[in-house]
Amino acid sequence: MRPFRYERPDRLADAVALLGEGSARVLAGGTDLVIRLRDGSLRPEVVVDVKRIAEIDDGIHEVDDRIVIGARAVMTDIAAHPRIRADFPALAEAALVVGSVQIRNRATLAGNVCNASPAADTAPALLVYDAVVVATGPDGERRIPIDAFFVRSGVTTLGPGELVTAIELPLPTQPRGSVHQRRTRRRGHDLASVTLACAITPDGTTRLAYGSVGPRPVLATAAGHAGPVGEVLERMLAAAAPSPTSLRASPEYRLAMLRVHAERALDTARRRLAEQAAQ
Amino acid sequence: MSDPLRIEVRVNGRTRAFEVRPHHTLLDSLRDDLGLTGTKACCLVGECGACTVLLNGRSVDACLVLAVEADGGDVVTVEGLAVDGQLSALQAAFLETGAAQCGFCIPGQLMAAHALLATTPDPDRAGIEEGLAGNYCRCAGYEQIIEAVQLAARGTTGPSDAHPAADAHSARAAHPDAADRPDVADRPDAQVAPQ
Amino acid sequence: MIGGSPWRGGGRSRVTGAQAYVADLRFEDLLHVKLVTVDAARARIGRIDPARALAVPDVRLVMTPAELPDPMPRFGPQLRDRPVLAVGETAYHGEPVAAVAAETIDAAEEAAGLVHVDFEPLPAVTTIAAALDPSSPLVQDPALRPGDALAQTNVLREHRFGWGDLAAGEREAEVVVDGTWSFPMVTQFAIEPHAFVAAPDGDGIAVWSAIQHPYWLQRVLASMLELPLSKVRVFAPDPGGGFGGKQHAKYEPLVAFMALRLGRPVRLVLTLEETFQAVRRAAADVRVRSGFRRDGTIVFRDIEANYLVGAYADIADRVVAKGSYTSNGPYRTPAVRIVARSLLSNTVPSTAFRGFGNPQQIWAVESNMDEAARRLGIDPVELRLRNLARRGDAFLPGDLPADGVWADTVRAAARRIGWGSPLPAGRGRGLAVGLKEGPTTGLSYATVRLLADGSVVVHAGTSDMGQGARTIYAQIAAHELGAPVDWVTVVMGDTAVVPYDQQTSASRSSVLMGNAVLAACRQVQARLRTMAAALEGVDEADVVVDGGEVRLGDRRLEIADVLTRGLGRLGGELIGVGEMRKEAQPEHPLGGTAAFYEFNCTAVEVSVDIDTGDVTVERHVTVSDVGRVLHAGQVRGQDEGAAVMGLGHTLMEHYVWDEAGRIRNLGAIDYKIPTTMDLPRSMESEAIEHADGPGPYGAKGMSEGALLCVAPAVAAAVRDATGAVIRDLPLTPERVWRALQDRTPV
């Protein structure tokens, strides 16, 4: 691994200043960063460890009408959190399939989002739940809707010196059935060749978000009674454009599996919605 | 630009203060700075789990943690499992079920299993499979590893009856008597540098 | 003792972290080595400029071909074709062109990236079709194979085996089943990446390697360094998994030259990625034509196999020959023709890998049997039983007759899987058999020392890479000499101390070295008999030493008491030397007959998700004919471990290459092996024991059998569940899904 300078600021302002230096990378869980530092695909001069910053926490809190997930919160804790499991099951399910236990004990949701991998498993869930990314930069704090956060593989709308401090999830105002589904090459942990989340509300509004089938995860929404299910699904999945060069799956298979998993996710989401209504 | 940093880490119950290079991982540091070579290096991308240790009570892949990140933390490695030469229940269970073949993955398996049992004292089979999925065994003694975890969880030393495989084997191979139990002596052989 | 499950020899150190693998050893004054490679498969190498690398602080040497003897020293177990460093051209992706030694691994890594290498990529041969195409570039310089008519082609060797009148078989056949099956390139993926240390040792050299054949390595190094064997000391600490990938020399010559040049110990520890570029299994396309009478009797088999080996021969052609020689399987077939080729390519040199060339053939032949069963309307189990060789049948003319009651194995597997009972929709069952020749030659020596207190030291040159050889030898010595098993120390892994053993391969060590240990124990017993007779004043003929005790008529004496009295005040010990030879037979196509056969029957039940192609192995039954179980836990570990490894190449593992011959899935992120979550939902293993093997107490070797026929059993089950016939491995969800799309509606 190439040497670099290591900084561990205590204060957010110091981190922002360090990140403004140019060739700096944020270290949260490190489960992606350290791999890329070792393989040489990233060669920062400074690595800024954000785990001791007082303003960034590792907790998951309910604040007013939303859940606030600190940027240091790890997948293990997100997957186990009762409120997330109850109200945002697709996120809990997605967090639970990010790598192995060892990875989930380190990997943060914020890091998963900031990497902006098209295959990020938590991204579709965050999209269907209308998550908001809270970032602080030289110009102060900014709240970025998740759909406006992703640009393409590895690229987000974060500006220079901007740092994610939390991810917020608006609490549901009505019953909602939701679920995460994915496709991998084996049952054991793997990068997804299709990853998607689906949420349905009683008025029939369907939100479907999917990743690993294009340069960034995509959110599609359909109002209730928008037409025959098959046709609606076709329209919702139309933005999928899988890479022809990926070695994990062919575009043809990805598209077919996107359809299969979307249908299965719709079924599960409907069932979960009905279960909620019955309670 | 990457001067050594002084860190203090509690390792296997003992506080150690030492210098690390910022780009060295906890795996590098345990093996090279502290001489704790029980933690193994294999894939270095967080897939195989050979380098699993406990960091502040949780299992992590030491290949993906910078040593400096452990500053102020608590690390347990495989060398920390036995107390005063007494094997832990999990270590004994691994020997009892024959879980260690080549043995290279075993330190990582033990640490992952240790973490699993710490949070889930009586895991079901699916829970064990999930809990150990981050630890490759290419000898694929997975069944015997899983049985070892079950054995340790039950806190007994009897033969496993939880899985058909165990029945299949116990059916044809009578369980040996107590005299057969002890470890076959394994003194370090032939591993001395020439003078 | 025999057949029980004492704790594994070396087990305690394996659960405490004390077990020292090569990379764990500590050396004073050690230098670290990093390989220098280019981003190409086949490439012309121009100037190599080490200047920037040498400017890195703490760098001590940049080894280039110019620093090595001219002509470049070459080595290899079959052909001396592999250079210490690539010279002129690289032959495959990952072949080192230089190596750096530095005081720290950081400096070595940094400098390795700074060695400037001018290279020009050249067209690479990476497929079977390209290797067979006469217009493709030659992988090897013909000068490496002087006098070989095939040297102007990419065919390394072509093997022809067979017997009987094929034309008569063709005439007699009422049903002919013909197909071609492909087997992917896969890698051993030992969790311990290969590690090598070399150090000057007086006027010789010492080398540490995680190697299965330390004595073979000793010969290779002695020859290359022009040293007597006694001046080459090979230490072979227990490997962290071998699976064949650690049989033969890889980078030991390189580190030896570097250590001698520098006068200091040097160490090279491969990354996992570098192991992918060091060892793999040969891919193969196998065409099988089988003729049957309507009653299911096989009347001929015609097999043509093309194995894609790598850029250097390593042991790959032996793999092809041995894997193909038995490719008709355990069947009584009157006429057989086998043609098998090893094809050179610009890919990682393939080498031994658990199963040794047989899994490729068995995938094809057993899948062909499954198709035949359907065509004939005969149950697949019945079809196999009808043609299976019975004990004593000369099913492989000129070789060891069938050495087991193999039908027992098949019936046990069929019974355990519930063959013939109804299954829910979406489920299917498959069953296949696998046969592999054990070692064809062998030579093992062992010494057994019965110490004055009755404890025992065994010296055996086997490498315990996970199969548990330490345990087996300790059990034998304990059983024969009456010592508790934990009073036996087994010393391995030092060619200066431990007597010669030919190699650790072909599941031989319980049988061949086991017999050597047993013979050494018998010698000690003979000395005990002499001692006891003298002490008791009786005739030696009246003394029996057996099962760990000394008997004189009705009297039983403790061995320890006899020793105390017999050795007297000076103490001492009784020493036995055992030798086990299996001589070569030059007229035999393989140079010798099989010491034994490994025979396995695998039966599985699968479910298939027809929307996604996911295959779930619901039940996996593996039954092996082992002759006699020496250690129940270890037999089980070998069988289940081999089964899971077989599921790897059956369901998920394969190298992916780009058009230039570079490996695209280099490393663990995109090369997947089974985890705990990929296990069959239930696994059962059983050992069939008729004490009919040539090893101690009737044992046969058994460490590979359960891998041999996993793929055809699973594919047959997928076909049974869905009707989809798949002839290419692995059965990834995508491949199964495609087959389901393509299948003819029933």
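So that you can tell them apart, the chains are marked A, B and C in the order they are listed, and the count of residues begins at 1 in each.
Assume a residue touches a chain if its C-beta (ideal position, glycine included) is under 8 Å from a C-beta of that chain, and two chains touch if they have at least 3 such contacts.
Everything quoted here is computed from the prediction, not taken from an experiment.
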item	value
Most distant chain from chain B, judged by the mean position of its C-alpha atoms	A
Comparison of A-C and A-B by number of C-beta pairs in contact, larger one	A-B
Whole-Å separation of chain centres (CA-atom averages), chain B against chain C	27
Centroid distance [mean C-alpha coordinates] between chain C and chain A, Å	44
Where chain A and chain B are represented by their mean Cα positions, the distance between them in whole Å	32
Numbers and ranges of chain B residues touching at least 2 other chains	21, 23, 44-45, 47, 130, 133-135
Residues of chain A whose C-beta touches two or more other chains	1-3, 188-189
Residue list for chain C, restricted to those that touch at least two other chains	106, 669, 674-677
Chain C residues within the chain A interface of the complex	106, 109-110, 113, 611-612, 651-652, 656, 664-665, 669-670, 672, 674-678, 732-734, 737-738
Sites on chain B touched by chain C in the complex	21, 23, 31, 35-45, 47-48, 50, 77-79, 81-82, 87, 91, 94-98, 100-107, 110, 128-130, 132-146, 163-165, 167-169, 172-177, 179-191, 193-194
Residues of chain A defined as touching chain C within the complex	1-3, 40, 183, 185-191, 247-250, 253, 256-257, 260
Footprint of chain B on chain C - complex, ascending	1, 3-21, 23-28, 106, 188-193, 199, 201-202, 206, 233, 235-243, 265, 269, 271-272, 416, 465-468, 470-471, 474-475, 484-494, 497-498, 629, 632-637, 640-645, 667-669, 673-677, 679, 682-687, 689
Contacting residues of chain A [partner chain B, same complex]	1-6, 8, 27, 30-31, 34-35, 37-38, 45, 47, 49, 51, 76, 99-103, 105-106, 188-189
